[in-house]
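A short worksheet on the structure shown next.
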């Protein structure tokens, strides 16, 4: 413990075994982490139930397995996003309790199932192709101790499907909205609810969607004031931010 | 008349004053316009009630006035888009019957008020700042002989305002939708009606709207299949296309 | 039927088994769909002969087959765009009547061959590489009950080929123009005809075509006023919009 | 009241003066707003202390004054963003209680000063040029009933200034971070706190900042998972989202 | 022959078997090609030695072979650009005289080896990776009847290599310069010679070269006034333009 | 004269007043210009009738006048492009013979009116707004000793106007085509003529023209092989390149 | 002094007036700056002769004057970049010794004229329009204690002018190269010298220069390995980096 | 040797076997390289220990091997960047002493291990995915005779890890910082050290990172004045520039 090493230094000063001038010099050479302990403590409290996370994409199965196994030793929940079935198979050999959430392309290790969230996190998506991103948000929010409800295939061109769910939506404490193509859904949802909306542009589309750029720009320009945005396809980030909001005491 | 000069050539051949070979050579050197008369006739029929149009933007008041006066001699309707009040004043001195439509920033000369359109052209806009573009579409469609209804300030973040007009909207034969910022409105309207929707992105917005680019991309990626798009702020073009559709026999 | 459940509520009120106040409360909790029946009826009328559509791209053969079979049960025409031959083979096993239109990369189920369109839909394309997109438009328009004529390989650098077809083109009630590279063809065609032109930029080209962006920008800036634009490579959308226009009574 | 008109309909049915079938027909023609009352009620509850807002930019002083005066009649707080001193002068003549917050370029009408927020909203900015955007966020959050603390001129190139405030920052319930140029500050702040961070890219910078694009992209790619982003220079939006988060019960 | 059918019409008029009015009517319905013969004749003269060209990229070997064989029947030179060895093998089976220029990725059929050019076409390239594009220009210019000299690997960072060739360069009648990365070479070459320079940006590079965009923009902004530019990697276009210039009488 | 100073060095060596080793050392320290004389001579021959040129834009009237007067001392033609009437007034005071070409926004000093060009330079433009750029090309080509013909207002949406000029166009030895908006004109012209076409995108347009980007991309992707491109609005560059081509012996 | 306050804490512990545990608690609440003193000392040593800097652009004359006067109290050199003559007049009233470097648009206060640099900083620029940026680099480097030589108007299209200076250039210890338009100069200079080259793209140009983007991309893709790049028009940054390099012991 | 051939010419002049006029003519035709010898000598001195370099990417194993073997004959160090294990295997067969640095994807031939650098080159990277680029910089700097220290995984979202290394960092003479995603790290490092920082944006990231563009723009807009930037993923360039700086006498 860092405070301890500093306390020891003060003890030595008090006992006279170290002079104040020498103590100043020693303090000066201590690494930053020893000084910044307040922050660490503070975070530890907040982090209960937070999963350790790795991005599977671009890593070999054995790399994912090795990192996942190491993180699993911390004792909490674990999450590998954008992971395929071969990566999962490798993880499984090392961490028996790991599960694969296929739709979300996520490897999941759930040990702590306490509900830390104060309300419901709603996850809304426009088209069926947006579901993998939406599910990544769902898995992340669940692992972080939230009750999650999802509303899929409620794109703006069939507005009645969305409106049919408006009662349920207004019960959520925070809403995640995933949409590709024109990315219009967060604006409409934002107008229906009075809580924060996290918008996730997806790379779904072709041509002038420019890999999600159209949806991203649309969401940033939302005429609904309660919308903020994360990176294209960043279901994890949306789930993370929504969880923090929902866990606020 | 072109046909006349060609007919004369045939007469000369018939009379023997020109040989067939010489006639072929003469024909070869006639300008295209003399040959292509069919097209001109064909278009004249379609053009009844079509306004002669000038873009006021970037021209001096006297230039606008001079061109407008020249076009006015053709006898039909006249339209100067993106015109300011000084340009109008200059036009007014030369063309007494010209009027100024301030909201639309348009100078209008209406002589032919026949209704050529088969149904209603609906013009929908998202925010109050989109109204100048919407009004340009309205003026254009009216001058081209259409009955026009407008639905303003029905942006997607307050979807109930739009839905309140859905009955009226479904009576239109073609719908123009103007929206800036995220440009989501055409998708929602497209889902509510079963007729062609002409989407007009506007340059309304700031930051990541990039002068209308966000709205443009959004509309091009619309998940509603009945949407096609014109240039940013091109209210005139939308009014023109909608009029053509509405005038189809 | 939704009207029925509401009518029942009124019956109960009339019979006195439900008080007006309770009825208001019950109404308040009915899902939107129960209330919005007007819209659904209205659309059903318009939708005669409209195909049910799926985007094949990015789906496995078995997914395409499953969705196609489900849609086929609705009884009308069916269409899977951007489908390859393996996807077709899978569909064929489940839906015997399905056919593969190879040039258009489309799986087609045609049961209703009524002609709903009032005139001819012309489909024009610039180069041979634009044909798959043009054919997607052709197939879509045909399935939606239109008479279609196509004019291929009439790019602007050989303007005489296009001009040779101008008489035929002017007979169309709506024209679709597909072009990649500089995307100039819609402007030229737009000047030759007096009807609405739907422009489809294609991703054909290399280098500074930026996957169709050059053609898209060119078409949006068309100096012909009767041109509106759909997304890059969106032959389906163009066929759909053109069909709506052509079916207008 | 909408519920009232519906209740009357039920009364008439009960009394037998309207048959159930006629009632269904009448209901069918009622505007959407009459049916959707649930939503309105729901929102009214959430909206306590929410300011009515207008964007001053691009409006004349008399337009701003007229709209502001109209909104002021609703009885709550009022806010005109991106307003200059001439616009304020015009408002002042109509609404005596209005004040001008020069740094924030905002006209403010504060009648309800209840604190609705549960904790502190921290507003952090990188350079002195970012202050107008930051102040817009501050004013918005204050008008929405939050306790706000600001930390200015703590850019990442002088990281010690930011670190000097870390204790204070960790006390916030939600943090807004405004930065132009490279937009790096939200990532660093995001790593220091365990609560949601709303990042606001500003258009401060020149050359390759491309009017805030560099900062926007940087923030969207933040390696800190607790960051979400609003539009360039959108201090209002950040203040609004942060307020919603802070008011969550 | 078109002139023939028109001559026949005049003959009929002369013989009195067709009246002048009927002749005008018949002429009106003749396709454009029948009228526009002047252009065709004119071009034929210019086209001596011009190769028939196909773009191999994106076509199957059998498609390339079929088109190439058809073009070969015209009797002149033939060229398939961006062709691989499998495409060549297919062509070879049908057109024995075809050869493969590997560096240029071109299938070549040379029957007319007349020199039509008035001087030398110089082809300069910056790095070894630019050679395929440069060779495409070389092959094109050679097939079009030009004497070609090439100067490879003379990039601007080793300016002495380029300067060592300045005497030879100044002997050229037109210069093609191919360069990727920063695309600076055409400016330097443009300053060394007094003749037209055709600049070809190549997609060589990585990162901020953005597939040749950096080179393209650089060349368009060349401070040398004698530089014009073709599309990224368009060695064929550069060779074609240079040939036209060099063949000018 | 440079050759002279080197010849003197050799003389000294021959006379024995400088040893070979010293001569090598002296040569080593001579500035490059002394060595590179061949190039200068070579260029002087080519430069007969070439105007000295300054870009007026961004300079004060007195700056333009001073530079123009200095260049005028060289004895040949002079040209200041993008110059306004105030700049011209200042030039006029110092150089009596200077004239102002208003449409071209150019200050011109013509002393050498020899015709150096071998044929006609044709300058074609799409719309009236493109004329300033086209006129800049005209003035440049005239000052460089070319016979110039212009064809204005022949945009592609009215293809018959262009076709009416095709005979005249085919007489040109090189063609300059200026067009804004979709930039389609060079492709059509390129297909009509058999000579080099220099395309000049103009910044005419709005919205998705992005200050000429749409036209630029369109021209770079031209399907006509005889087109090369210069920078947006660069009428001077096009006139310069066309002149070089036309002057080729 | 910070160390002092910490030393005092140790003294109190030694004297027994503060217990070790209390000391830890107090330390925990000290601001970071009190702990991070090592860094400050370290920098102070390096900073000798470094100017205090403000960006004049976007500030009022009185703001610039106030900040400049405050910085002037620190006793070293002072610099206000992108300052106009009105800003200078305001500064002059408060700081008599301030001078205005007009070409560089800089207000300069030079008190320390020690030469800290080990060699020569060369500043090269392509065109006369690049000189303001180049002069900003010159002023910065001079104020930071360097000997500076400049080489102006040595653009790549007249390569002989640059080569004429190559001997002088190779004497520099670090080279700054400023260029707009195609930004090719750093690559050529990079090939001529063996020392670090700092490239500064300028916004000089028009059309496809896109406000300096073309030059920026060109420089980032330089084929010379000794080139690194700063922001568009960032003469100050280049002067700063070059100074750091030149001052390295 | 070049000087030699020139000296011979002077000898012949001195002996009278060549007249001064003939000598001038001969000199005029000598290639530039013969004249520019000064530069070559100059560079040779600087180049001690500089590796000969090839870019492996896009070359076949046998091409890489052939070039590497040829360069190896020059006797110094050799480097093939972006090389895979198959390329290494091919090189190994020809150059026994070559080694493969897997993390850096580099083939290395180290014969000269003299330390030419005056101090330490520090290489810092943000995330584990940035390591290949960082290692390319490390290998380059080592091969160029520098002592290198690396600091990996010190991204800005965990600022304490970076701060823990600040003492070590401040000992470096030049610092390379590699970061993808938001590219914020160079700004923070730049504020911690007083020496030149070379920033390397990496293509690590997804969505709105646009293959490294976000990081690149961020770094160009760094608020730390001591930062200059190289191309995306250009670890080699950064290592090269840093080495030049560190070797400055």
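For clarity, chains are labelled A, B, C, D, E, F, G and H in written order, and residue numbers in each chain start from 1.
Assume a contact is a pair of C-beta atoms (placed from the backbone, for glycine too) under 8 Å apart; a residue touches a chain by one contact, two chains touch by 3 or more.
Small disclaimer: the values here were computed from a predicted structure and weren't measured.
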| Could you give the fewest steps needed to travel from chain G to chain H through chains in contact? | 1
| said: Show me the overlap between the contact partners of chain A and those of chain D. | reply: B, C, G, H
| note | Expressed in whole Å, how far the mean CA point of chain B lies from that of chain H is 59
| said: Between chain D and chain H, what distance separates the C-alpha centroids? Give it in angstrom. | reply: 49
| query | Which integer distance in Å separates the CA centroid of chain B from that of chain C? | reply | 24
| Mean-CA-position distance for chain E and chain B (Å) | 40
| By residue number and range, which residues of chain F touch two or more other chains? | 38-39, 163, 166-167, 192, 207-209, 213, 216, 220-221, 225, 231-232
| What are the touching chain pairs in this one? | A-B, A-C, A-D, A-G, A-H, B-C, B-D, B-E, B-F, C-D, C-E, C-F, D-G, D-H, E-F, E-G, E-H, F-G, F-H, G-H
| note | Listed in rising order, the residues of chain D that touch chain H in the complex are 126-127, 155-159, 163, 180-184, 187-188, 190-192, 205, 207-210, 213-215, 217-225
| Which bits of chain C are touching chain B when the two form their complex? | 38-39, 42-43, 46-47, 53, 118-119, 166-167, 170, 173-174, 192, 194-196, 198, 216, 220-221, 225-232, 236-238, 240-241, 244-245, 248-249
| note | Listed in rising order, chain B residues that touch chain E in their complex are 3, 6-7, 10-11, 13-14, 16, 19-21, 23-24, 27-29, 35, 37-38
| Which chain E residues qualify as touching chain C in the complex? | 29, 31-33, 36, 39, 57-58, 201, 203, 211-213, 216, 231-234
| task | In the complex, go through chain H and note every residue touching chain A. | result | 129, 160, 163-164, 166-167, 206-209
